[in-house]
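This structure is in structure tokens; I'll ask about it shortly.
Should a chain be cited, it is by its letter among A, B, C and D, assigned in written order, with residues numbered from 1 in that chain.
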């Protein structure tokens, strides 16, 4: 048998109070896509960080090509041909896209000066391979997380020369981008590279991976060939008990009668979304569908007052509002679970408890202080309800695994008991088991009368949950679906048609 | 490919600073006789050459998100040390070389302690500041005259420019420093790493950039420029004195900030510090030409002008930031909208 | 308070001019004097500034260009450059430090503008770069203080020296003059010497600490480089339950009004005057220069040593 | 053994631990090298001794550092405290000289501090000027205003009530110390018994997230500068009262550096976020104790700076986990503890 490219043996890693990895083995072979699976907090990211020298392991060995290596830093890892996309996008927001792609190995002129022209050109080429076109001289911060993630992937792909590690690269990508990524991954695999792939999407695992390693609570469960491992069994081995694939719970279907809770007329922002109208009824689940950068997040931010609308007005419960800002929105019973959890969601330095009570406390005002006892109660309640895996509610937020951070943010907003809950990619990075739980929770909240606006790139999830769907394209609302029309196929059609209509429009104008 | 003159969000501060500088100079010229003269303008460089050098070095530190409070004290130390060594008969070349090495070592040590032990640069360099001043007092509490002929020649050398106006050797050194800094920041890997670290240190490290080395290098560089600034300052003063430039580090920081360098790191052009120095310099010149302010009104007016300058700068910059971006965005993201089915 | 809001009138009687009234400049153009002041670090300097500004204001033949250097030599150099650019008739300055003036004063010399130094001198090597120096001798002040101290102690005792800001020329010279003089008296020992930064709060704090140190428990005299520190020290001594002025003799320099009041109250023994009211002398010198007179290299300001009844008598006339 | 070492670990991780150790070491040093340092007697009916001096002289620094702690927690900095202090003292003294009643003058001084803080807050929170440069403006202007008020002279204070603020004693304890204690308790309650502390830490750690959670970050930011201004004003009144004179030229010069140092020694990170009021008090006391020690010991004036530098660097090294672990591992083996700089520092 061919010698594996990389072998990790007996890897253990513990943080104060947590044993993140216990005696884990993994072997990665050339020409293979290897999925690393496990629940939130199982230790996947930690394993990757240990491998790439971000953390020092407590014990264990790494062998590359049969020779023991000691990787002390991401720099060492890169030098050994290991390139990584970490779970949270790790790029420099102030640098241009091109630089982010090529920093550390910029093309030089003969006199050793950085050749900017060539650099930008190369960057464009790199992105072209992923079928992305954008102005690479713009700072990265001007682009959405999705684009940032694509840039990170493009960078890693370009650097990699033996092993490529992708920690939840697809969490904020839409299907089309995912396909692009898979195409590249397959190509690299066929060229003989080893690829580690972490995701919580079962479909994707079965679509691209050849082999699966499952972790549970920091321990190795086993290594399987993808083809030989049925889905149910995979999930069961991840969660450590039998798993029944429950059918989606039916959605509340009595929305027609309920009254309008919020409506927006002609709401828009120059440079953001084109003016649009929308009505949201009490107790309904409204979906915003669209491709990356279609303006879904923008709409949510306008509704919640994070971006100021420069035209139009919002009416909540018949009360017209000219301006909106977060604390006002919260006061009126809105809640917004943002997309970029690292920047907009978590307060890393604070504890899980403080993160959870933050919005509720802000809503109450600083004087009506929640006593510690009460805070603990709330935090413990949601920790249990959402299955947040943390050593205690006093653990620092940034020490939680990605999925658990996401759950804590969700908890923060649920704690405010909102009337309208806006969820922007709420299940990003959340494992299969929890995802189903959360979906169930959302549905039951809606059934109890909570209104929900949901943005998700998983159309299946959207179709499964929503009573009504607004479709966006190029920052315009271009259609609406409800009732039986809600099908993935229809969404795609509308987006595609909208495209034609737009082109026709442009032709007429031009 | 792209004209450097294109106004965008990153160089707008620089442009605003230049515009405001010209306005201030114009105001001075209108109100005071003798103000509108080449020499008055050149004196801004002559009198501030050392500050330009120091601020430029400090800018690298600030761009990484750090700070160096020891620069002014370092200048004082260099001046005292130079004076004392020259008095002892050490050849000038050796003195210059020696203090430069001292600056490099000093900066390196500060950087090493900051990075290795993860202590905030404010504290470490504050310690450095006390240390440098303290050592210069230990060497001599009195001010020492430098009458070394080489130093005096350099100090008195006047390089004629337009008409009868002249600049000093120090100005050349300062301009070369600025030019070198601009080049380094833009065209070397080190320079780009500095920006990356300022943007997000953790990301930079995960991207495999040599974060620790770069940070240490940046403090070393600042140590070097403050020693160089010290030499230039010594030429300027021809004296060594432990109390020289008390509070000068604030001037350097202010120059950086006025020149558009963000103290939180990651943003700014290396031309900025020089513009910042010139701007505060012209404010001071106006005050001096005015010539009837009492001591306290001097402070108030300087502060007020500084305030007006910064506010105007912000107004210009935020105007620009608020411009609609829709058109540009459309061009940015012309993604094909075919759907994989 | 000595009425800081109403600065001393121009022709202060306490500040006699050393040269006779000279005729006003022949042409009716005003005599333009550029004065570069160090800053406003103390009441003493404030009084000096006020004296100069008021004198100029009350003299129609004079136009004063005043520039405050905020304690920075660089600013003083810039100010002098500016004066040269403005083509003033006379440049006057109170140099913040002795050294570092060669370049800029040479420029002034080349521009044929005479330079007058006020209250502090510059390095002897550069004597040819200024025309005259008006002011006092810090070393001499230190010596005078020492003599007074010796007298108060009867030639025997332990003393504490409160120094000014480390490195400041006033501190360096006042220490030198004092210490050298004290050395002549073997029974007098300076047991502690610490910087009080020329200000009252630090002076008090330092004295407090010293009084609690083993040496500090047996001291008979305190010498402060300026009045402010002495006033702070007096408070510290009182709080320690001792009597300033009798248990512990106190000598200080400057002669601000509060110091005289302290003498009157018996808490301070001697103050060596260092006169800040130099305005009249300065402009007299400037006019003399313009009239082509030859000036002494050093015009001493009129200064005395005050103790006891002499101080009490002088109190009503103190201007600052 | 294991539980012992884990409890030890917990203790050393407490933010109050290292400043306490620093202070303790200084005290131990004094115990051996400064005879009489620990003597406390009764003099004129009040406590008297070096330790009392440290408390008494330390109060202005403690008060300012408390305000500074909040500003730094918000990821800001306030270098104008020295000037605010001078304004407040000069204004109060000037008004009393003009025969304004004591209470009114005192209020005016404090109000001036609040106003200065409001100004700083406005520049930073509304105009979004970088904190250091925003407060640099007031650093310059404020000193000028103070001198303008006093005419550059020291205004002597004769009002006995005013003198009591910084020089009086209650039951033998300096009144200023009681004031500082009250302020500490008030701030502590304000921060820890209302949600302000939580909001402040949240804004300091991640401003965007906090705004999304509905916290008015501009209000919080303004508030901390106002508190800092108030603290500075109070410190100014205490200092001027103590020396019975408002010195607009020198009062509070460079105190911002000491205050920031105290905050950092006290365990609050200059990157904002978590703050420790208790730690700040310890830090300020440490700095004051160092000064008092230096004065009592008779360190030659020209070496004072060097001594301070060495102690400051030593204390911050002691606080550094990386430094200590280097020692520990150096004794055992050469297994380097490797954590990314970012994480260890935070």
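Basically, a contact is a pair of C-beta atoms (placed from the backbone, for glycine too) under 8 Å apart; a residue touches a chain by one contact, two chains touch by 3 or more.
All figures in this text were calculated on a predicted structure; none of them were measured in a lab.
J.: Applying the touch definition from the top, give me the chains sitting in contact with each of chain A and chain B.
T.: Neighbours common to chain A and chain B are D.
J.: With centres defined by CA atoms only, which chain is the most remote from chain C?
T.: A
J.: With contacts defined as at the top, give the pair, A-D or B-C, that has more of them.
T.: B-C is joined by more C-beta pairs in contact.
J.: Approximately how many whole Å separate the CA-defined centres of chain A and chain D?
T.: The computed centroid separation for chain A versus chain D comes out at 43 Å.
J.: For chain A versus chain C, what separation do you get between their C-alpha means, in angstrom?
T.: Whole-Å distance between the two chain centres: 71.
J.: Mind checking the centre-to-centre distance between chain B and chain C? Centres are C-alpha means, answer in whole Å.
T.: Computed value for the inter-centroid distance: 36 Å.
J.: So the centre of each chain is just the mean of its C-alpha atoms; given that, what is the distance between chain B and chain D in Å?
T.: 29
J.: If you look at chain B, which of its residues touch at least two other chains?
T.: 137, 141, 202, 205, 295-296, 298-299
J.: Chain C: which residues touch two or more other chains?
T.: 40, 46, 49, 166
J.: What positions in chain A touch 2 or more of the other chains?
T.: As it turns out, chain A has residues touching two or more other chains at 54, 73.
J.: All pairs of touching chains, please: list them by chain label.
T.: Chain pairs that touch: A-B, A-D, B-C, B-D, C-D.
J.: Tell me, which parts of chain D touch chain B in their complex?
T.: So the residues of chain D in touch with chain B come to 79, 127-134, 136-148, 152, 257, 260-261, 264, 269-271, 302-310, 312-313, 316-317, 319-323, 340-345.
J.: Please name which positions on chain B make contact with chain C in the complex.
T.: Interface residues on the chain B side: 32-35, 37, 39-40, 43, 46-47, 137, 141-147, 152, 155-156, 236-246, 284-285, 287-289, 291-296, 298-299.
J.: Where on chain B is chain D touching in the complex?
T.: Residues in contact with chain D: 113, 115-120, 122-124, 126-131, 133-135, 137-138, 141, 201-202, 205, 211-212, 250, 253-254, 257-258, 262-264, 295-300, 302-304, 306-307, 310-311, 314, 318.
J.: Across the complex, what residues on chain A touch chain B?
T.: Checking each residue of chain A against chain B gives 54, 73-75, 77-79, 84, 86, 90-95, 99, 103-104, 106, 112-114, 116-117, 120, 131-135, 137-139, 142, 147, 155, 159, 175-176, 179, 270-272, 291-293, 473-474, 492, 495-496, 499.
J.: In the complex, go through chain C and note every residue touching chain B.
T.: 34, 37, 39-40, 46, 49, 53, 64-68, 70-75, 77-79, 81-82, 85-87, 97-100, 102-103, 106, 123, 125-126, 165-169, 172
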